[in-house]
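Shared chain: chain A. Partners: chain B in the first complex, chain C in the second.
Moving on to the complex of A and B:
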């Protein structure tokens, strides 16, 4: 017991060390950091403008008002951005495999996942994070939710589990790199696509998408259904804990990663 | 002219090699199209009277946008060009007896064209079989279709000449990052990539339609489903030609100025 605790603690310490190296090296190029941060902000700010102008024309969409959609967009953006800040190393994984860098990771006496996580700490995403936080505050202030403990817990669970779902997707993407490096762009549909289209409550996309986004990749468990509970359209206490079920998605993702690592045949030079 | 044509052929043939990437692109674009259409459809169901275009014109717009994404995405600039300016490889190109502006123009067009050729047909064919109003409708008339093709290529030229302006300005700023961010965001917002221009409020739209960004995808994609009347089409094509000339000429002049005072980076 004590030994496992020690191992976990040392892993955390190692990870924090990686993070500090990453931040220090990024700060060597301050202008570049600054501009990339602004760029990230502008991209998602444009998405916001798209929503804004649609709602100048329409007062609601499928029963969701502007404020409610903003809250929904803010939550999915926070979830995705948190995952991306921490797990960007997996997003950049093709180049690690292609260059043979993964050989070096494997010979080190540390967990591979921690090393890949530590390889990149994408602080430039705080531009987008800031926007998400502002929209989140606005959405919360304007959407007339009466807050109580279960609802606060729900939001908390949504954010944590949502970040886990996206982390799982990044992990699957990286695991697929062990088998092929070609044509993996289609995975963008599930990561960037979910960020892009998760801006509206998933319910508006119809029955089939809703089923897919519940049982195949559990987006709706961290977006649509808990949102309905927040807005008071569902009352069962089950909805508070629903987001946590989405964390189960990490299990197959982790298994695929493990299988990929054992399947890894070196490349590069 | 022959030189630039062979540059064009070379790049075009190179672009056609990336077939797996194209397949992945097709899947992504197809999915993107479906999801976009579902969003607009949801708004349509909620309040059809506030819809500024017909539903079928909107879906055709989206399918064409996804099919010709390679023509009109701003972020798809040539990193090789930026790199050559930053690391000094541009020296080799300056030694050659060619006009750098024309060469880059030819290769940018070839790149975008080869990407679009690989991607557009599968998307268009599948979209044509999706039942109305969700699929792509047939063109309204042969005249509209011809005008669509003409304005599509004018839009491509417009897009490329705008990118050229960014490449040339990089001679002065060295780092392309800042310019790129501003440029990409402006194109996304003003060109109708985000939401088609008719969805903006009337007054804002009138101003937006005069900007050079509106001469990119906006014109062709709306002519296809006759979302513009005759007078609007005439005005839009005139504006396209006007902006194309202005932007290309200023790009060329800037390029001349830059070539005179060029500092080679790297070593």
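Moving on to the complex of A and C:
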């Protein structure tokens, strides 16, 4: 027990060391950092404008008001952005496999996942984070939710589990690179695509999408259903913990990753 | 001690003829060719030996290094390094070895070299005392004092290689794999690197396995030479066995390659 605790603590310490060296590297290129950060802000600000102008003409989408949609978009954007800040190394993984850098990871006495996580800490996404936080605050202030502890917990679980779902997708993307040696752009349908689709509550897309987004890739568990609970349209306490189920998605993602690593060990390319 | 017994490893490689049409055809139906990177490779290396592992490009050198360093799993055969099976318990194994890939850097490009070393200290869980001592020793032996505070991108290739070697030795591995450590270096840097490797082997008794195309490296360093070609061990002996009185080592090796029909 104590040994595993120590192991976890030293892993966290190692990860923080990676983060610090990433930030030190980044500080070498100030201009690039600021421009990328501003760019990231502008991109999601554009999407926000899209929602804003649409609601100038229509007052609600399938019974969701402007403020509620903003809250929904802010939450999925926060989830995605967190995953990208921490797990960008997996997004950049094709070049790691192609260049043979993965060999270096294999000859170091640490878990492969923590090394890939540490290889890139994408602080420039803080621009998008800022956009998401502002919308989040605005959505919360305006959406007439009566806050209590279960609801605060729900939001917390949504954010954590949502980041896990996107992390799982990045992990799957990276694992597939072991077989294709190349990035699979179609995976962006599930990551960037979910970020775009996710600006509206998933329920509005119809039943088939809802089923897919619940049982295949559990977006709705971190977006639609807990949102209904937040807005008071569902009352069962089950909805508070529903987002945590989405974390189970990490299990198949990890298994695929392990399989990918063992494939790499046998094919070596 | 390192033993490899009857180790085989083959890869499947997609093949097609030149041209756009052939590329389209290959999208639908792909022909594979099996490449036998290693076939029935066996050797034993004692502690503290210095091995020159040579052979033409594509002979199977890097496959061997990858198997011994736990990156690749062989198709068949047994591999033991100090009693460990490298590919079975990777993490335990790699904490006891050091690997230098001459063509790839392990230093962080934009931060001072000493920052990369500090990260390695955490990666290898080196104690403060041991880290301090290793760093001091390596700084003196490889003359790193002026380099440690510069970012890796500002170092010359020779300076960087000295730092790379130091980075691979901070955790005091018992075995050091050097994959073309002198590639692209100028004469002075080459001599410095060779001199250090020799000292490391003599003083710390580190087992060194060196792959290189530079025969002067072999002449200066290796007490024993293993020649591999087309995935088979062709020769295993001392430098004198290979030279047989011939003075020019490059000439000798070229003749050797030709005589085995592996050039």
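Criterion: the second predicted complex is superposed on the first by the 261 of 269 C-alpha atoms of A that agree within 3 Å, B and C clash if a C-alpha of one lies under 4 Å from a C-alpha of the other, contacts with A are read in each partner's own complex, and residues count from 1 in each chain.
Just so it is clear, a contact is a pair of C-beta atoms (placed from the backbone, for glycine too) under 8 Å apart; a residue touches a chain by one contact, two chains touch by 3 or more.
In this text, all values refer to a predicted model and were calculated from it rather than measured experimentally.
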First, second, both or neither for A:21, with chain B first and chain C second: second
First, second, both or neither for A:197, with chain B first and chain C second: first
Which superposed partner A:146 touches (first chain B, second chain C, both, neither): neither
Which of chain B and chain C A:43 touches, first, second, both or neither: first
Which of chain B and chain C A:235 touches, first, second, both or neither: neither
Partner touching more residues of chain A, whether chain B or chain C: B
Which of chain B and chain C A:53 touches, first, second, both or neither: first
First (chain B), second (chain C), both or neither touched by A:206: first
On chain A, positions contacted by chain B and by chain C: none
Touching residues (chain side chain B, partner chain A) in the complex: 20-21, 23-25, 27-28, 31-32, 35, 38-39, 42-43, 45-47, 50, 52, 175, 177-178, 180-181, 184-185, 188-189, 194-195, 199-201
Residues of chain C defined as touching chain A within the complex: 11-12, 63, 66, 69-73, 87, 90-92, 94-95, 97, 99, 101, 104, 106, 108-111, 115-116, 118-119, 122-125, 151
Residues of chain A touching chain B in the complex: 31-32, 35-36, 38-39, 42-43, 45-47, 49-50, 53-54, 56-63, 182-186, 188-189, 193, 196-197, 200, 204-206, 209
Complex contact set, residues of chain A against chain C: 10, 13-14, 17-18, 21, 24-26, 28-29, 99-101, 103-104, 106-111, 262, 265-269
